[in-house]
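First chain written, first letter: the chains are A, B, C and D, and each begins at residue 1.
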């Protein structure tokens, strides 16, 4: 249970970063923290104490398996997160080229 | 020639990685090695003829125990300095600093090996390399002038490396 | 041969073939894109006659064993057919319009690639039969639309897109979080299976938590009022066909459809008593506040964007009523709004194309110079603000009637007031852009190119004809199956898995 | 963008084939060992990135490379779709694993999973190309603009 709460706290840290920080790159970092917190939570949900890799063969049976579905989902989620982060960072770089600043307060539209 | 060597190298690494002589595995390994040969064969090795000389291989075999011996010696040396420093915090037996040394090795690969050997040896650390000048950080600087420092730090590896790579 | 996966596979394949072909044959992307969207529209039309039954497709041939699904399921039922119809027809007109409009931007091939990705994502969201695939397609749509919003690479576009990404990304993170908790709770992600599990366990604290996460996440995606901040920046910044897609389709698929699917078919609207109240209040707030904010805008596209918030409020409000009439009104209004708002954004695009300005104070009197744009825009505005013979009137009438019927006469009155405000701001739009005195700067303006006029005319005709959807035979074909799906609630599980 | 010192150049020259080989190994053995298309693709792109970082972008003509990256990205995804369609035509269902059900190999063999290794390969190409395009856009392109 503790690990779940810890990953929720990690998620909240990421959310705090996204909402409060004023630097575009720090916002992107907040996103990554948020994503990883969720991925961690997902993997932990699938974990069984003492479980092994979920591969069925003739000689392996009657053991506890780790739930494979969350792992597959997390892989997909990581790929999606990668895409989002790459886009976010590239936009931050383009904005930097226009304004010579990562500071959200110096960028007209994003203020407030 | 360059490409063939790359392909052989890649196939060998593949076999070591999979450790399996099933025919499927051999076929896939061959294809993978071919791809790697086509992509990187040009840049993997520049002077393939050097590989054919048995003299270089013999010196390589000599170099490995030599390097291990030097590393062990340096390990004890650094451990000694650390332990003494604990007992004599006022007067530690260290003299850190950056020295400049000159190497006689001509080939770039040889210089790289020299720099890495120096880095792997505890107590010394290669910071930068410009042509034949290396900048080295030492825990205990042996000498400040170019000649002495080169002799103290690099000579022990250089003598063998020069025979392997040049 | 089953055509269900084609809705995702064809646009996805086209998205990656376009850059390949465009590199060798310049200008081929126009043809390819339009062929794909036209084909998809035809395919959707062919699905209409079988909308009443639920079709399930198991990807990879992984059939469910003993009623427990374990492959990826694609589900097409009445609601999906309706959404597919909306998505693909608007997409067809938008691509037709882009052929000429996007010629002003560089690199049309990339534009169409992103467009196709967005289309594939939206079709995927609509036909996905489980929560995680829905999330994946949702993200594909979202990422493509982030990039499309910034397609102009001006500072304004980049900033709007960044803001959109920050809020959209937060929404996605919340949704994924919800999915994680949901999985922990039910041990399944398939909608139908999950709905059975929830029906068996009843309301738990975890279910409430998940509901809140989904509500906030999808609320952000559909730009309901407390979560609307990104929309007025993002939608106007995009190129006109994309604004049309974003306002007309994307917010409905990513926000409204997903909310309805999850809360009506999976969790069940009756399971959590507070849910109806929350949907009603969110709907009313966005309806009213969006309308009043729209009234104060000077930027033409911004006005339309705020109007979208208001109209999505109507739709959510109608669904929140939960009665059959309310759902019918909501779906009908969803269709109406998709067509009308896309048409209005295409009009605004034509105005921008000819005059390079979207400031309503500077514009004026364009009716004589651009008769087609002016007339179609007039029709759309009148329909949207609810003038009697047009489609928009009927949908609003049904919603207001349904709210009185369901015992909320006060909220019905609020909807009427919002409707009057809607009339006011659309009147303002017409007066300041198309009527009045022609400004000197725009004496040289002329009608938009033919390829841009055709989609506008078609959409205008459709918008007029949409009122016909209420006639019995047509309604039985299109709207009623969708209403039954939503009304059936958790009965969805039986439809999909049988038994 | 300039390259790095001779040490980095030489070591990357020695390491790059091995890294690439490891990447291909992870991709090809995706159905047997941890990893697969995505992890392998990241390894594959790692060696290209390493080369550019070590040698500097002067040695590689960017425009060409960028075009190639997006080209192979497209090829990767089209290949993936083609594999899916193969299932459709052979077995009647999208993503139907034709080969595995027709010739089931013994478990944990290299050719045991039918179409899955091929899909992994397609994904590997796609991921590598996409990441390379991202890297070029973010790093090289920007540095050239500023210098």
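Heads up, the rule we're going with is that a contact is a pair of C-beta atoms (placed from the backbone, for glycine too) under 8 Å apart; a residue touches a chain by one contact, two chains touch by 3 or more.
Everything numeric in this text was worked out from a predicted model, so none of it was measured.
**Q** Of the other chains, whose C-alpha centre is the longest way from the centre of chain D?
**A** So the chain farthest away from chain D turns out to be C.
**Q** Which chain, with its centre taken as the mean C-alpha position, is closest to the global C-alpha centre?
**A** Taking the mean of C-alpha atoms per chain, the most central one is A.
**Q** Nearest whole angstrom, what separates the Cα centre of chain A from the Cα centre of chain C?
**A** Whole-Å distance between the two chain centres: 28.
**Q** Let me have the rounded angstrom distance from the C-alpha centre of chain B over to the C-alpha centre of chain D, please.
**A** Those two chain centres are 31 Å apart.
**Q** Rounded to the nearest whole Å, what is the centre-to-centre distance of chain C and chain D, using the mean of the C-alpha atoms as each centre?
**A** 36
**Q** Please tell me the distance, in whole Å, between the geometric centres of chain A and chain B computed from their C-alpha atoms.
**A** Roughly 40 Å, centre to centre.
**Q** By residue number and range, which residues of chain C touch two or more other chains?
**A** Residues: none.
**Q** Any chance you could list the residues of chain A touching two or more other chains?
**A** Within chain A, no residue contacts more than one other chain.
**Q** Could you pull out which chain C residues touch chain D in their complex?
**A** 1-2, 5, 9, 12-13, 16-17, 19-20, 23, 57-61
**Q** Hey, which residues of chain C end up touching chain A in the complex?
**A** The touching residues are 132, 136, 139, 143, 146-147, 150, 153, 155-156, 158-163, 165-166, 169-170, 172-173, 176-177, 180, 183-184, 189, 233.
**Q** Spell out the part of chain A that touches chain C in their complex, as residue ranges.
**A** 11, 14-15, 18, 24, 27, 31, 34-35, 38, 41-42, 45, 69-70, 73, 76-77, 80, 83-84, 87-88, 91-92, 94-95, 98-99, 107-110
**Q** Applying the document's contact rule, which stretches of chain A touch chain D when the two form their complex?
**A** Per the stated touch rule, the residues are 57-58, 75, 78-79, 86, 89-90, 93, 97.
**Q** Considering only the defined contacts, which chain B positions touch chain D in the complex?
**A** Residue list for chain B touching chain D: 6, 9-10, 13-14, 17-18, 22, 24-25, 28, 32-33, 35-36, 39-40, 43-44, 108-109, 111-112, 115-116, 126, 128-129.
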